[in-house]
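Okay, so here's the structure we're looking at.
All chains are identified by letter, namely A, B, C and D, in their written order; residue positions are counted from 1 within each chain.
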Amino acid sequence: MYKSIDIYDDKPHEECGVFGIFDRELSAAAETYYGIFALQHRGQESAGITVSDGKVMETFRGMGLVTEVFRHLPEKDGHIGIGHVRYSTTGSSIPANVQPLQADSIDGSMALAHNGNLVNTKNLRRRLLLEGSTFQTSMDTEVIIKLLARSRRKTEEEKFIELMDEIHGAYAIVACTNDALYGCRDPFGYRPLVLGRTEKGWVLASETPALDAIDAKFVRDILPGEIVSIDDNGVRSTMYCPVENHRHGICSFEYIYFARPDSIMNGQGIYQARLNMGKKLWEETHFDGDVVMSVPDSGNVAALGYAQASGIPFVEGLLKNKYMGRTFIQPGQKQRERAVRMKLNPIRMNVEGKRIILVDDSIVRGTTSGIIINLLRNAGAKEIKLCISSPPVRYPCFFGIDTAERKQLIAAKYPTEEICKMIGADALHYLSQEGLAESISELKKTDMCFACFDGIYPEPVPNNGLGGMEEEE
Amino acid sequence: MYKSIDIYDDKPHEECGVFGIFDRELSAAAETYYGIFALQHRGQESAGITVSDGKVMETFRGMGLVTEVFRHLPEKDGHIGIGHVRYSTTGSSIPANVQPLQADSIDGSMALAHNGNLVNTKNLRRRLLLEGSTFQTSMDTEVIIKLLARSRRKTEEEKFIELMDEIHGAYAIVACTNDALYGCRDPFGYRPLVLGRTEKGWVLASETPALDAIDAKFVRDILPGEIVSIDDNGVRSTMYCPVENHRHGICSFEYIYFARPDSIMNGQGIYQARLNMGKKLWEETHFDGDVVMSVPDSGNVAALGYAQASGIPFVEGLLKNKYMGRTFIQPGQKQRERAVRMKLNPIRMNVEGKRIILVDDSIVRGTTSGIIINLLRNAGAKEIKLCISSPPVRYPCFFGIDTAERKQLIAAKYPTEEICKMIGADALHYLSQEGLAESISELKKTDMCFACFDGIYPEPVPNNGLGGMEEEE
Amino acid sequence: MYKSIDIYDDKPHEECGVFGIFDRELSAAAETYYGIFALQHRGQESAGITVSDGKVMETFRGMGLVTEVFRHLPEKDGHIGIGHVRYSTTGSSIPANVQPLQADSIDGSMALAHNGNLVNTKNLRRRLLLEGSTFQTSMDTEVIIKLLARSRRKTEEEKFIELMDEIHGAYAIVACTNDALYGCRDPFGYRPLVLGRTEKGWVLASETPALDAIDAKFVRDILPGEIVSIDDNGVRSTMYCPVENHRHGICSFEYIYFARPDSIMNGQGIYQARLNMGKKLWEETHFDGDVVMSVPDSGNVAALGYAQASGIPFVEGLLKNKYMGRTFIQPGQKQRERAVRMKLNPIRMNVEGKRIILVDDSIVRGTTSGIIINLLRNAGAKEIKLCISSPPVRYPCFFGIDTAERKQLIAAKYPTEEICKMIGADALHYLSQEGLAESISELKKTDMCFACFDGIYPEPVPNNGLGGMEEEE
Amino acid sequence: MYKSIDIYDDKPHEECGVFGIFDRELSAAAETYYGIFALQHRGQESAGITVSDGKVMETFRGMGLVTEVFRHLPEKDGHIGIGHVRYSTTGSSIPANVQPLQADSIDGSMALAHNGNLVNTKNLRRRLLLEGSTFQTSMDTEVIIKLLARSRRKTEEEKFIELMDEIHGAYAIVACTNDALYGCRDPFGYRPLVLGRTEKGWVLASETPALDAIDAKFVRDILPGEIVSIDDNGVRSTMYCPVENHRHGICSFEYIYFARPDSIMNGQGIYQARLNMGKKLWEETHFDGDVVMSVPDSGNVAALGYAQASGIPFVEGLLKNKYMGRTFIQPGQKQRERAVRMKLNPIRMNVEGKRIILVDDSIVRGTTSGIIINLLRNAGAKEIKLCISSPPVRYPCFFGIDTAERKQLIAAKYPTEEICKMIGADALHYLSQEGLAESISELKKTDMCFACFDGIYPEPVPNNGLGGMEEEE
């Protein structure tokens, strides 16, 4: 499945970032480019931009980073734009499975980009196939756009409501017609979506740094279950159901790992949450040590929190080579250890003879932690205590994160003490779920989804979550 | 509309070549590659190959020549393959509009490639849109695959018959499912399609040289109105209607210009037909001259025919630079004359002081003939009499050829004598329609389409053919 | 040595084409581009352009066709330009070995491009190395530019004369400094070089079609042993020795195969010479047959000559696929026959049941002729008599043509009757050397080089020509 | 001069990293690839690898990052390899000016790669030109390789000594012949070079992380003025002059900015030195503040040092987008502020209402600091005190660093208080030169070069350093 050893393959993968703009004063193509560039961390496999000038809509898409796909801006421009970056879960990573998806329906052209994962795709697809539909991709997005196209409702808002009656699972959608820009978030609010404003227009984005990037002001989060329509008349909000009438399931992993530390999501700053996680880790461990260090970059903030709470000095212990890119020639399939060494190099003075408290954000399959610990040992570490700023990942996600199948999750198979031995650490501590919930202090625990830790899914999932996603239905 | 001056832009453009193979002993990917390579003259804008191993189907497509799109064979292989080369008419030449088109329907995966042009696409598309369909391309092919997918008939053959009830116009189709290969030709037989056999399998192709290329034996032409199904049980033929019950409209321009001279199409060898055209031109003109020469390469065979019938020696008078490719830097938009000179250079000894009979296949807009005549005059030609091996092109084609809009056709606007003056020839003769019909001696005149010359379309066309295709109602 | 089967690998290879321009009214970059494009047939492996504006000189080079290397014109322009296309013999085909070669010497910048091959490179190189020189390429060009740079003579002309005292072998040179353009041809005149004039400037080129391409008028051939200097004062000619005092050795293979048919070289039109060869072939054979055909494209003109002289009709018997390019995927190393079939396809009506007189220009290793004959037999040919418009190639060339090592030359190893059997022809005739000499009617036999046929080299060659070029010295 | 706004254009640029290996058990091509990949921070414009198997030497070079130039390993392999990454100062950044430079001399093939800058190139080049040499590049490297080639000394070591008599300035050289690997460092030791050992062989590299990358053990620094020769007999050391007899001028900027924090250079760990600089900054300022933050990534370690010494918490205040690459589309030439915002985004919770102590490593032209301070102000910073971990850069470097011409250096033109106002900081402090020297605690102050701060160059420089490098006499 892997063409090359990816030392970050032991992290969960987010699948997408979305962006949209409606602004008659700006170049939708350029602003969308900058917007998705700021969301690049949410998906590096493909990128796409759709632009409409009110009459003609065109979509430009390709495999690769935003800067690789768009070596120059699309020739077409307009005042409406949507954009997408993608890491694929459902839908293999082939050119046709790239978003936004543009299609003509009886109402004209529409383009749609989607972050999340539906849990009832298979049934919806089958129903549409039975009705004579054809599918040219394997993306949920194609199901969604077909359902919208088939709706007999009069307005786009009503069509979205009809759509939301049908689709289950996680979705944060941006879409556009030649007239308007639309945003929509599922009633559980699994995936983030925010509204911003430019001087004369409006912006939708997965995360606030995309607003910062184009100098837009943050207005508010799109609410779980909300549909927003943006056109020359401004922003209209339509609720699928009153927000307080529906339970929420905001993804906790956004706070642990995915989101940029400079994001503010559902009112909660990511940096603050991660700092809190580090402090909670200290409270839960009180590990003795000479230095606190992180596995860069994702463990940095929690490590700073640990250091701050404990008084143990924070140091940089592992230097990351930032030039690796995706064309790095692997030193051989079996030499994962060497691949990791090319990416991370110990800074000897902070390691040699030291009792280290090492902070990382998560362990999924457990393929990398042991190698890093070994690297540190070879550089002279005296003791290595590993703190993970999330609970053990024991269940697969069905709402837009690619962790792995259940049978691949190391914490689904082994107790913590066993894992500690396997990776060669002197101690291993996972943040408690309680500690995690408290770290995300601006959100109520009951509004969040911790299913990958406790298996309690906000809504029914295929096979009760006990199989992999392959075995759906 | 033109990015660069194309000195061959004054020729009609064929839109496609199709190929299919079912053979358990061979590599479908490799044979399809060689097959479409042999059909490259039918379309140079994009190329695609679909392969199925009986379980999984994959499609590989791209913009450019076959050798550019496929720098290596697709990784996927199988025993069923279809392929396509394309010059676009309907459907702009953008990545999404590349064939084969692969789609999932309730019956499984299908891929389809299509040569020709439907005349009722707009209505069909509207009907499907009204039923809730979405279109991701602007190709007829997507209409066709959706109509097949919506059919409630039991067998693929019945579905094709139902399809043929609905679509009007020109189509030669190859399609495949995971089980079988299909071929289908419209009842008028506008576009060619032949059946061949490999040692253990079967092949479909637009022209016989694609069979030669993979060492397959020619079996027969697919009949107008015939559907063939090819699987492990061999070839089954189904007639949409008895072949003799339907009038035919085989495209005469295939014989004049499109097809390779080594093709044998509907029983008529192309080389022989063109040789005949040259002889008829002699019979109709009895021009006096020192040498017969052609505008290479497409006028070569008719020129040989003229020389043979007249006894006037055939010489090479214009040398073609074969390295031009598509990345040639144009010397400036206005310097069409220079662009032609880069491509064609007079061979002075055959031109200087000579009374030349120059043979070309057709004049469409009349933008190049004058330049070539001027080139020859500058090289010292004493007299230039131009013979065209087709009648004047006065009407647009609706069946798969991109000539031009009616208003761009020089012969729709001016009488022959006027055109002769405009291009600076000493004489100009177009082959008579009668002479053309007789040259294609193996076919009955009534089985052919001469609509671009006489405006008598085999079936109703938008606007009675008086507007351009843009104005399709 | 071959990465892929090249069906034209059985032809000799010319190594280069050169071009130069001095014109204050035109873009040297653009004109040089068009000039070397017209010389593309002389080398397809690399292309380069040097431009000077009188102060700054820049060189742009790359591997591939002119249109591939120069997808846009060089940013730098000026009034002096030189260009080069290359097929490599000495100097492997690696990026550093691409011409023009630009270097700074004590007198300023110079760039130089060279067509031909020196016979005493090894000694010259050793001498320069002993004097402390370093070489960054393996090209003769680097030797030449270093010898010019080391000269203590005052003028460039004197330096060229000093150079010509030292270097032996074949060379047609164009060079430029920031002040002037230079051309130089070896005293034997092995390789061609012509002078042309634009409205306000001057042009040098390997062949006249490069003049036609930029609308320059042919002035005259540069004489064997002549140096021309072109600057704002016009053209100055300097003779290394009086032209009549030196024997000449003009390459006969230029007339047989290399040059474009529209070239006029040393006063002899190529088309006329080839037509004569065909007539001579008829005189020498009087073969009986139904049709005359050629192996396209290089055998065309001689075949026309044969047909004209004999009265046997000329037909196109083999159709060449012109889309092959260099990225064609080979059907497997051993399937040379298939590779040939992809490139050439018989036109059945001209082959089946026919007694064929087939005309080709040369046989080098004999690897392709047998396959072509077999192709024609399979297409039903009744009899195939092969006429070659050159004598048997029995000796290697040391003056700029890559035939092959002596041991690879089929005619060096087998008598004609044996070769006829090996390739499966019904008869085989090589044009006599006398016939060849008479065909090139504008040149005296004693002014030409026929060494590859008779082994009589105009000047001493390594190993008396009995080994390959590898064994030089 | 700049094609796009580079927000890091306000940093000095190192020009090169070098690497060499001699090991009969390993792949020289692969190890050199990993070695230069680990040195990528020292130059991102081009990369090259030379490999020798003892008989044949081949060089592979190109423009771009190591991973871009080498998408696969060179086909050629061997037991000797050298490599180079380059940021260009002298020698424009064109393909010919890429290292290693390979050349044949009378003694055989040699390849050479060079980090540094000679101060007497112009004179050396002129002398060589007068002797008849030609130059194909504008690199110092070509001068060096020619001087070696011209030497009449018997051994390579003696040739290097002769070379070192002639060349003045900064150089750390790795070179190879078909027999041996060589390393050489100028007597001042401006640029670093270390020796490492693999299990069976030896390695040379600019920095120790290149040893770590290939699992080689650090042996020692190559001494200033030392030549090492490595072959099957092991390592031989030759001193140009006794190390203690020559004053040293080790570049202090390596410690401030260039070197990787995990490097150990001349016995001094970079991380430790930077931590010390941060502590010294605290000692020198005792700034009051709520948080310490850095301009990532180069200010990180000094900021940690400041935080540690002061007790003020270290926070991440600016998030860097790591996906920018070099194909980022600039938002317009004048929008430098926007370009910076795309690259750096404030983390609001650490900025808003905060009194910030911001740590950066250097200010060269002063084009970026003001923008960053403005970004922080807009994010709500209450007070911003900027600490620079180097003294003011007032003089250009002639020894291998591209700072800028003197007239572009902001600190050469304005006093610190003025600069503070210009960039809008509440306070600005540059580390004192004394403090810097003490931070690099393992080196004697007299062994270092601080010329860019105090203008005291270790050896004569063109124009006494008062002009730019352009005016070299």
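By our rule, a contact is a pair of C-beta atoms (placed from the backbone, for glycine too) under 8 Å apart; a residue touches a chain by one contact, two chains touch by 3 or more.
This one's a predicted model, so the numbers in the text were calculated from it and none came from an experiment.
**Student:** From subunit B, count the fewest steps through touching chains until subunit D is reached.
**Tutor:** The fewest touching-chain steps linking subunit B to subunit D number 2.
**Student:** Can you give the whole-Å distance between the Cα centres of subunit B and subunit C?
**Tutor:** The computed centroid separation for subunit B versus subunit C comes out at 37 Å.
**Student:** Once you find the CA centre of subunit A and the CA centre of subunit B, what distance in Å lies between them?
**Tutor:** 49
**Student:** Measure off the straight-line distance from the CA centroid of subunit A to the CA centroid of subunit C, and report it in whole Å.
**Tutor:** From the centre of subunit A to the centre of subunit C is 61 Å.
**Student:** At least two other chains touched by the same residue of subunit A: list those residues.
**Tutor:** Not one residue in subunit A touches at least two other chains.
**Student:** Between which chains does touch occur?
**Tutor:** Applying the touch criterion to every chain pair yields A-B, A-D, B-C, C-D.
**Student:** List the residues on subunit C that touch subunit D in their complex, please.
**Tutor:** On the subunit C side, the touching residues are 95, 101-106, 126, 129-136, 145-146, 149-150.
**Student:** Along subunit C, where are the residues that touch subunit B in the complex?
**Tutor:** 30, 33-34, 37-38, 40-41, 44, 65-68, 70-73, 209, 212-213, 215, 260-262, 264, 269, 271-272, 297, 300-301, 304, 308, 313-316, 319, 321-325, 327-329, 331, 338, 341-342, 345-350
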